[in-house]
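Heads up, the next two complexes both have chain A, just with different partners, chain B and then chain C.
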Partner chain A sequence: MSLHQVLFRTQPMGCFLHISRGISLSATLAKNRKSGVPKITPFRTKPLTYEEAIPPSRMNVRKGWLSFNTSNLHEEKRAGETTFEDFLVRRFLTGTWHGSLASEVVIKRRHNMLVLSFLVSMERILPRQVYFLQGYTERMLSGWFKMPVKIELQTVASQKDMIFKKI
Partner chain B sequence: MAAPLVIDAALSKMGILRLVPHHMSKVTPVFSFCKQGLSTENQDELYRQITVEVKGHNPAVLNSYQKFTMMAAEELGVNITKIFEPPRVITRMSLMKSVFVHKKHFHQYEMRTLYRVFEFKNLTGSTASMFLEYIQRNMPEGVAMKVTKHQLERFPEHLKHPSKLRDKTEESLSNSLESPDSSSLGSNSESGSMQSIKPSSSLSSAHISSKSSKTTPLDVK
Partner chain C sequence: MATFNLYRAFRFSLNVSKSKTKDIELKSCRSLHMSSFLRNAENGDVVNATEETSAEAEEFRVFEIEGLKKAVSARRAERATKRAPPPRYRSMPTDQDWTDVWPTASTFKWSAVPFPVRQGFVENSSENEGVIPSKYANLELMKGPNFLHLTPAHVKKHCKAIKHLSTKWPEGLETDEQCHKHFPLESITSDYVFAGPSLEDDRARLASIKFKLSDLELDYHAKDKFIRLVGDRYNADTDEVLFESNRCPLKSQNLEYVKFLLTAVYFESWKTETWEQGKQLSDMETYVWDMNKSRETCLTLLATMRAKDKGSESVGDLKLSGAEARAICDLAEVREYKTAVENLFNDGENSETLDAYKAAVERLLQLKTAA
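Take a look at the complex of A and B:
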């Protein structure tokens, strides 16, 4: 490659990089990365659920929240404890349900009760296991949090049913 | 299912365990006032006004809860006098976008709290406890409630109206408790209590109650 070609970028720069063995660590390659917005793949192979596909800017327009409680209302107490309980619930359920959780967990608080709603994919789990895990989760969580916990789950045949679009 | 904490607090505050049937409160006679003075053990409590303030983030949820409350009050014969929406409160925070450095770039967050107030007038304790329990059990998630009760109490016997004191200047004040004057005052209060008992008995029926409570005013003096 001549100096003229390098300076005026007439040839693709890849060959220039091979010669100089440069490694690009600049932030220019990672620009425009926002949270909650997945990166497009060249052949549109990445599947997204409805929840993942809608960006956070469309909150309360096309997407709702996952946690319903009164702790963030004006002059209401218990914001920190509620948030921590939500975090614990989500981690516990992700681990207990062996990868068959097909959706995010929706946590609703009515008075003293905790109501958890989510979808379970029946790909790698039997119905009797679902019943057992539901009772186990309810019992363990209500013992730890000291509040009644109810689980409302629906089943889905496989994870493929949850795909909204491919990006 | 565990009973909601709000209901337990409300009931213990009122001093009654559960619903008192109306036919029992009707029978508790005026005669008890002669002997016991201020005791309200068998007597149903009377509320001039109950204010229910409901808070939420979502206006659609509050609208539907308002519709539900209005329907429930109409069906159960509870008198709603006023429903209004106080101005919303928005809490704003500016938090840094980046975890490290970049102080110039902030994210703006806000938390909106919307209010709705219902005013119910002239209820008895049993009606109030039943109605409030129904309303609270059917409250949607993400909605908080504050209940303010304005209760009618008997005027204390040791406090007298100044005009009554001026009429009995020759008799000493120390004898006032034992004197026939107190009984006359007592009879006045009894008549007041008789007036107050009448509407409570009529409030037991469903649809007629709202009309009758408007016509008979509750005055305890």
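Take a look at the complex of A and C:
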């Protein structure tokens, strides 16, 4: 058996031995990894709302904030509590208005009142269901947060009305 | 028809035998077929005859070829889609009262706002067909606060509603000076408004009072002692004293406490303790000419000059009595010199004090005759 044949037979094992993992010390150029920027589909079929279409880098230039409160001002308190409550509100509304929430939830705090504004798509929901869910949401959140919660929602006929661009 | 009835009768008899029920009439059968069976069941021979042909009359399923028959599926009637009524702004009269439409602060509502408004940014024609998003389904307009509840009509209405609560501005307090004269004590407290379920804020308990020191009745000693007692609470530039406290849990308690402080410091400053008699030159708050070496030097110099003028030879050990010294001090040029020196030390060196000092020295030493 020649040496060539031996090498040929042991090639799989040889390949295995050649795998090595080094340590890269250079900084990673993550130029294609962006938060909040959706990826483009091959045929540009993915619909985006205005909120989704504007990247976070344009925040407060082309689109406004989704939370309005005093906690993040200088020397003000309750920043952590407010953030957590906002998170909870968004989670709760996503589940409660499942499939009908056409937009993000805008959370405004005026004194001890919590005002939630969002758009509801009327495709899969009846007006009386909207009224019920509105009261239900207000009641549940008021009980949890110990502050009056007011919902100022608006309806859109279809989710398609929210499309700003397609990527 | 007859065979059919026979067949049904046979099936029913089987059921009856299975359930072991003899009384057929108890089966309250109301169908046409059942009644026909009962009719047949009265003569038992028919039933017996059917038993013989049971094997041939067995039911078998018909094989249905898929797609041969047209399938008719009963579709549920579609729910009539209710169209939303047209937005409210289309039916608004032009002379309506806007305060009724938008009474309080509220999120922007496209259907109730009668003017066209757009918000958003469109980069190119691929976005929203190149048009800035309109007010319908526009979340951007719902984000920011609006002032649709604070139009001039609203403000007028508010003012009209609360007018009966307001009183006339008191006479004699038109200017700030008048206010300060009648109310020299200024108390400063703060309330904090923030977004949260509670109204409490521990910063709100801070209370302070501010007043001018000149508004208090104090003599020279009392004023000096007052300033020494309050320390850096006294601002010499504005002549104001500021007492503040947040040591008590409530704002009202803190306010009471700072008022107590003022009272205590005021009466304390009027007292003269025995140890205050031993006030040395280094304890003086300002330059006092009468206590300083300058006075002695000046008086000695003047006395020597006078003695020289009189032709006296022995002026080396000149001793002035108290009366003589006081007489010299009462002289106009000495008083002027005293003031000039005190100003020079207390107010600092500047062109005015230096010029005054120069003039005083010239007059004191008679260097320059009045031209």
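Going forward, the second predicted complex is superposed on the first by the 136 of 167 C-alpha atoms of A that agree within 3 Å, B and C clash if a C-alpha of one lies under 4 Å from a C-alpha of the other, contacts with A are read in each partner's own complex, and residues count from 1 in each chain.
The rule is short, and it goes like this: a residue touches a chain if its C-beta (ideal position, glycine included) is under 8 Å from a C-beta of that chain, and two chains touch if they have at least 3 such contacts.
Worth saying up front: this structure is predicted, and the values here are computed from it rather than measured.
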Query: Touching A:76, do we find chain B (first), chain C (second), both, or neither?
result: both
Query: Who does A:89 touch here: chain B (first), chain C (second), both, or neither?
result: neither
Field: chain B versus chain C as contact partner of A:50, first or second or both or neither
entry: second
- request: Could you look at A:101 and tell me whether it touches chain B, chain C, both or neither (first, second, both, neither)?
  value: neither
Field: Dominant contact partner of chain A by residue count, chain C or chain B
entry: C
Task: Please work out whether A:149 is in contact with chain B alone, chain C alone, both, or neither, and reply first, second, both or neither.
output: neither
Query: Which of the two partners, first being chain B and second being chain C, lies in contact with A:115: first, second, both, or neither?
result: both
Statement: chain B and chain C footprints on chain A meet at residues 68-70, 76, 108-112, 115, 147
Statement: Listed in rising order, chain A residues that touch chain B in their complex are 68-70, 72-74, 76, 108-113, 115, 147-148
Message: Can you tell me which positions in chain C touch chain A when the two form their complex?
response: 82, 84, 105-107, 109-111, 120-121, 126-128, 133, 136-140, 142-145, 193-199, 201
- prompt: What does chain A use to touch chain C in their complex?
  reply: 49-51, 53-54, 58, 62-66, 68-71, 76-78, 81-82, 102-104, 106, 108-112, 115, 117-119, 122, 127, 145-147, 152, 154-157, 161-162, 164-166
Touching residues (chain side chain B, partner chain A) in the complex: 1-2, 4-6, 55-57, 89, 91, 111, 113, 136, 139-144
